[in-house]
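These are the structures in question, set out in turn.
First subunit A sits with subunit B, and in the next complex the same chain sits with subunit C.
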Partner chain A sequence: MTINIPYDEAIRRYRPLAERALPCTADPGEDLLQRYHPDYIADRCIQLTVGANAGDPCHRQLADVLQSDSRIDEADLAASPEVETDVLVIGGGGAGCSAALEAARAGARVILATKLRLGDSNTVMAEGGIQASIEKDDTPQMHYDDTVKGASGQIDRTLAAQMVTDGPDVIRWLIQQGMQFDLDQYGDLLTRRAGGTSAPRVLYFRDYTGLEMMRVLREAVFNSDVEVWDYCPAVELLSDQSGHCAGAVLSSLKDYTYSLVKAKSVIVATGGIGRLHLNGFPTSNHFGAVGDGLVLAYRLGAKLRDLDTFQYHPTGLAHPHHLGGTLITEGVRSAGAYLLNAASERFIDELRPRDHVAAAIIRECAEGRGVDAGHGQSGVWLDTPSIELRSPGIMEQRFPKLLHLGIKSGIDPRQQPMLIYPTLHYQNGGVIINRQGASTVPGLYCVGEVCGGVHGRNRLMGNSLLEIISFGRRAGTTAAKRVHGAGMRQKKVSLEHLRAFRRELMLAKMPLTQQSPLLFPEYAKFEKDSDYDGLRRNTRVADDG
Partner chain B sequence: MDKAPVLNQVLLQPSSRVGADFDAWLWDVGGSGLEAALQEPGRIVDMVKEADLRGLGGSGFPTWVKWSAVAKQTGEKYLICNGNEDEPGTFKDRVLMEECPHQLIEGATIAAVACGIQRVVFYINPHLSGAIDAVRRALHQWQQSEWPERIAQATGVAIDYRVQPSSGHYIGGEETAAIESVEGKFPFPRAKPPYPTEHGVHGRPTLINNVETLSNLPHLLRNGVEWFRRQGLGEATGTKIYSLSGDVLRPGVYELPMGTPLSDLLYHYGEGMLVGKKLKAVFTGGPSNTILTPKDIDVPMDFESVAARRSALGTGAMIAVSQGTGIVKKVGEYVSFFASSSCGQCPSCKTGTYYMSQLLNRIGTGQGTRSDLDSLINLCKILPGSGRCHLVNGAVKVLDSSLYHFMDEYEQSLRGAPT
Partner chain C sequence: MTEAAKKLINLRINGKDISAPESLSVIQALWYAGYPRVKGVGCLQGVCGSCRVFVRRADSNEVSTELGCELLIEEGMDVSFLIYPIPPYQTYSLEEIPNSWEVQAKFHEIFPEAAQCRHCGGCTTTCPKDIDVEKGVELAVKGRFQEAGELFVQCVMCNLCQTACPELITPNHVALFSRRVTAYFHTRPSNLIHRLEKMRKGQLQVIE
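Right after this comes the complex of A and B.
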């Protein structure tokens, strides 16, 4: 077992310095990813055996969830009310809200259902900012080139091109909604450089850009005609006779009842899977990020992609233990903070793409140059005092959230480095979509982190906030248009697709012990003996019929 | 299980499932039944009677009765080969037409020879485009062959064949509605009598048989009555194609001996219920019949045995649902199908099926009251027999039997019922 340097000893060795050179020995080497990135851990993947992606590699934990039985049966829907709408949006983060807003503005009746409250999402976790090529020396082409280069292959170039082209208009739209960005003394938008990019392109509002974005989107939704159903996770999609998506079954966490919402278009914007804690990693993700949308779409027959690749954000807090996994924005590294090992040496160019930086941190710890924080957790230093030394006051002005995190941790980041370790941050793969957010199942649109292809196998900082608005708006508009398409009169809906999926599960001899979507991580606590607690436990009720 | 194979041995045997390939059809089973028919045309009706061949489109009516009624008439006569298959859960004729079109053409020809029919109409649901295409191509091959000429020489009657897509309405499968449709009108069922055998297409005697019924004839003629009777189990004769669907692991079409127990179909061929749930009910034949419940699992699937359980074999469609299925919504789905399929001719059917469907929808979505349930019960009493055809009866039967067996589910679905 590797022995790292104990925390107390390492912090004694640390000296704040404004400048530190990158040693020439810090060359990451070609096999850095293969040797240290969690995506390359042997046996982490299995082949899916059922569904549209049968035969494709998939992370084991995700495969378990995708190849599970449904939580519900038709009999559970007895006497459940049915509601009709034009567009149903599932998910109350940035992607869901922008989709709902645009669909409603296009004249559709819209219901937005969210598992918890509107805005309880990973959008609010996004700290660093949003990329858009608005500077005079920058172009969408450069943004595209950076995105493709950083993607480590497997990117859907059409989607990436669409996203970067939408960039400037997305910023305009957000400002029209009322979103604030940091400005210079002339009132121009400030930008900074993200890891793996060729130009300063990240717009930001302090270090809580996503929170500010969510603030305005939430207000906009509440002030629109969108009907918001909070505490209503979707537990299954509905299909029509052609197998197209025709609505969803929502489960109310308030009274534990089901509702059938029939919709002509459904937009799934449920985010990623961080709370599955793949490979035992901590996560920066929101409580509800357990892959619901992937499960629902997959069961209906939607094709997914790149289910074996996830982003581990280099700088998740590693100490104190109870805040493990909490995100520290890449903006800190953009502003010049170094990464140091226990010997206070830099070991990688901090602005390389995230997958390389994360792998380098893991390497340092694996090879005994990390800091041992106890509880089996090790990490390296994020040298925050260095930027404060160079630009006194920068922390207070630009990273108030980090300062606040410091207060919670009992560490003043202006004086002391923060101990960090990669944290499970983002699902690179997901549902295959086209430029309008349409999945391979007619009537089903997917936007945001639940989708794959936009970022390939590695996402650049600031591209996720851009993606959710770019494709969210597109899907909203397209889903609303579909409502008026030919043959769109309300059809008969059912759970027929479940039958087909269950048949596949049985024929593949899959164990039918687990049910999905999970809705919440297994450690979620509910009132004992509440109906919902019973549902959550994922135990199959004995069939006594 | 049985030692000798019994699955797909006659109509769906590999030598029959050759598609529109006349040579492949003639290679093995094809042609010999027709040869036998041409040898002794006068004996065919008797053979059909002795074999106890039934109307396999749902009625179970003895085929020979219709045949002899038509055979004794003179002048121009019609045969409508009924391929309008449209009801939920039935998908056997599609397979027979798509995969065995020559078997059907030969069967129809034997019927025409037996009854002295000059005009044969293949009346096919337009939604079954593959079936229409296969029958058209097979018919073209047939007409190019020497057979039509041989038949004309042997019987003195030249048979005219045509394929006519139906209107695609469910009701168009009803005998008299099919006649209206073949005449180019909307498929409104006619009042009976007069029966089609006397007064059918353009007032001429008309024989109407289902695709499966006719497809049996080449085999019956080729192998003889004794062989045919041996194919069934117990008193039943021949085979039956069952359309199995619902919550079973392996849904599909299964040709089995007539009288095969339901349990064999569900658990041996269908390989049991999905995800280990128990059987709750089986909607049979349409689904316009009395629901079968797990206690009926041993029923031999022939017309008499199923009737003895107060249900009906119908088309041989078996929609098996598990404990995971809500009966109210399922029945609501079927009644809604009948409501939208009503031709609207008879006010009791038009409004009755619609109203039943609305009430079921209210109850199924938790909006129903006690008086809604009482209304449903009343409708089940007053509607049967009030229409020209059997559509309204079928809708009532499935509803009434669901009320009988699953009243507790209806009660629990009422507004304000304790959950």
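Right after this comes the complex of A and C.
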């Protein structure tokens, strides 16, 4: 096993310096990704055997939840109340909120169901910003070219073109909801570069861009006609006689009951899967990010893509342990912070695309040039004092969240570097959609991180906040229009599609012991009959707990 | 390193006596001990304001409010999770405010209780992000919305200030209103508007 330098020794060796040259030996080489990026770990993928993507490669841990049995069957729904609506939105992050707001504005009756509270999502944690080409030396075409280039192939070009074209109007829409951005002295939007961008294009609000966006969108939803159901995760979608999506089964965590919500359109905006901790990595994701939407859509027959590629954000906190995985924005590197190994040497151009930078950090630690944090976790330094030396006061002004994180960690990032290691950040693949957010199953729309194609195999900073609003608005408007389409009289709904899926599982000799969606990560030990405020101990936990 | 090799900390959470390894947060310790709490758990990174707790440390009479995800456990600590209050009871829509001259009048219609502030300071004391909450309310009442909003950059909408207010003011929503009207009426970036105009005229098409 590789031995890295102990934390205390490495921090003693560190000296703050404003400038450090990138050694010419730091060339990453051709095979950096193949050798060190977790997407290339041997045996991490298997072939799916069941469902619309049978035969496609998929990460083992994701395949486990996709090829699981349902949590419910028809008998569970015997006395469940039925509710009808026009549009049902599942998920309360930025994508779900913008879809719900636009659907309601188009005149539809909207229910928004969320597993936890409204706004509990990855959106609220996004820090760095949102991309939109607005500067005079930038164009949507350049934004598109950067997005395609950063994607490492396999991008859905139509979706990428739509997203970059929507960019400036998305910013206008957000300002109209009451969202603030950082402005210069004349009131123009400030922009900064991100890894893989050819012009300054990231708009931001401090390092709280997602928080600012989410608190504004949440307030807008609470002040609209959208009916919000909190603590109500969806456990299955409903189908009609033609196999189209016709609503969902929601499970109330408050009183252990199921409700059938019949809807003319369903918009799934459940986010990603960081809390599955793929390959044992820490994550920057929200507590509820365990891939519920992928499971629900897949069982109903929706086609997915790129299930073998995930983004590991280069700078997740590696010390202290209880805050492990917490995100530090790429904005800090945009502002010029270096990455240093235990010998205080730079080892990669810090603004290369995220997959390259993450792989280089993993390489340093794998080859003994990392810092050992002492709890089974290694990392390298994010040299925050260097930017403070060059521009005194920048930390307080631009990165208040990082300063707050420093206080909670007992480290002042203006004086001392933060120890970081890549953290599982984003699901690149997901449900296949068109420009309106429609999946391959009629009546089912998907928006946000649950979708694939927009970013190919690697996403640029700031493109996810753009994606959720761009496609969230589109899906909301389209789903609301569909309500008035021909043949939209309410049909009989059922779980008929489950029967077919179960038959496939049995024919493929898959064990029917595991159930999904998981709803929560395994370590929360939440079970069907668990008390949601955790005042009662789980019966299956041994007494020595 | 195995978990058993770590030092165990004894503390009380929600009235239950718990032992957990020293490097855990309050929420992690609760899970470790077999209490499957999911209510009030959110981002786990201190930005969603969901996991509000009361804390009393050993040998101290002082009770403080913190976020359970950021709080490292300590020997003899006593922690209680707080109930998350109901959503705000005001309703307003920015579109209802005809122009920026009317914002002050509308504010007092929407938040009539804000002007009743007794300056007890409860809201400021309770804020886990050390925001000068009371000052923000005072500024908003005077119509200085931009300044009021500026104080609340770090607000995670945990609603603790609302819980603390004897006049039932909702300071965080007062602040969010202040921030929203500032953007809605005053953010007019020329670089963005210029770009939107060009695009409206059909220039700058993207070729796939």
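We take it that the second predicted complex is superposed on the first by the 524 of 545 C-alpha atoms of A that agree within 3 Å, B and C clash if a C-alpha of one lies under 4 Å from a C-alpha of the other, contacts with A are read in each partner's own complex, and residues count from 1 in each chain.
Please note the rule applied: contacts are C-beta pairs under 8 Å (C-beta built on N, C-alpha and C of every residue); 3 or more make two chains touch, one makes a residue touch a chain.
Everything numeric in this text was worked out from a predicted model, so none of it was measured.
Student: Do subunit B and subunit C fit side by side on subunit A in the superposed arrangement, or is it a clash?
Tutor: Because the two structures are overlaid on the shared chain, the partners are seen to fit without clashing.
Student: Under the stated touch criterion, which partner chain does A:18 make contact with: subunit B (first), subunit C (second), both, or neither?
Tutor: Touch status of A:18: no partner.
Student: Between subunit B (first) and subunit C (second), which does A:507 come into contact with in this model arrangement: first, second, both, or neither?
Tutor: Only subunit B is touched by A:507; subunit C is not.
Student: Is A:492 touching anything from subunit B or subunit C once the two structures are fitted on A? First, second, both or neither.
Tutor: first
Student: In the overlaid three-chain picture, which partner chain does A:73 touch, first (subunit B) or second (subunit C), both, or neither?
Tutor: In the superposition, A:73 contacts subunit B only.
Student: Comparing subunit C with subunit B, which touches more residues belonging to subunit A?
Tutor: Ranking subunit B and subunit C by residues of subunit A touched puts C first.
Student: Nearest 10 degrees is fine: what angle do the Cα centroids of subunit B and subunit C make about that of subunit A?
Tutor: Value: 120 degrees, nearest 10.
Student: Is A:82 in contact with subunit B, with subunit C, with both, or with neither (first, second, both, neither)?
Tutor: First partner only.
Student: Quick one: classify A:54 as touching subunit B (first), subunit C (second), both or neither.
Tutor: Once the two structures are laid over each other on A, A:54 reaches no partner at all.
Student: Once the two structures sit on chain A together, report how near the CA atoms of subunit B get to those of subunit C, whole Å.
Tutor: Minimum over all C-alpha pairs of subunit B and subunit C: 23 Å.
Student: Once the two structures are fitted together, what part of subunit A is touched by subunit B and by subunit C alike?
Tutor: 545
Student: Under the touch definition given earlier, write down the residues of subunit A that touch subunit B in their complex.
Tutor: Residue positions touching the partner: 69, 73-82, 260, 492, 494, 499, 502-503, 505-507, 512, 543, 545.
Student: Which subunit C residues qualify as touching subunit A in the complex?
Tutor: 1, 14, 16, 23-25, 28, 30-48, 50, 70, 72, 81, 84, 87-88, 91-94, 129, 149, 153-157, 173, 176, 179-184, 186-192, 194-196, 199, 204-208
Student: Touching residues of subunit B toward subunit A in the complex: what are they?
Tutor: Against subunit A, the touching part of subunit B is residues 246-247, 249-250, 274-278, 280, 323-326, 328-330, 333, 336, 363-367, 409, 412-414, 417.
Student: Quick one: which bits of subunit A touch subunit C in the complex? Just the residue numbers, please.
Tutor: Residue list for subunit A touching subunit C: 116-120, 124-125, 132-136, 139-141, 144, 157-158, 161, 164-165, 168-169, 171-172, 175-181, 183, 186-189, 206, 208, 210-211, 215-216, 218-219, 222-224, 228, 231, 253, 284, 286-287, 320-323, 326-327, 375-376, 400-401, 404-405, 408, 520, 523-527, 530-538, 541, 545.
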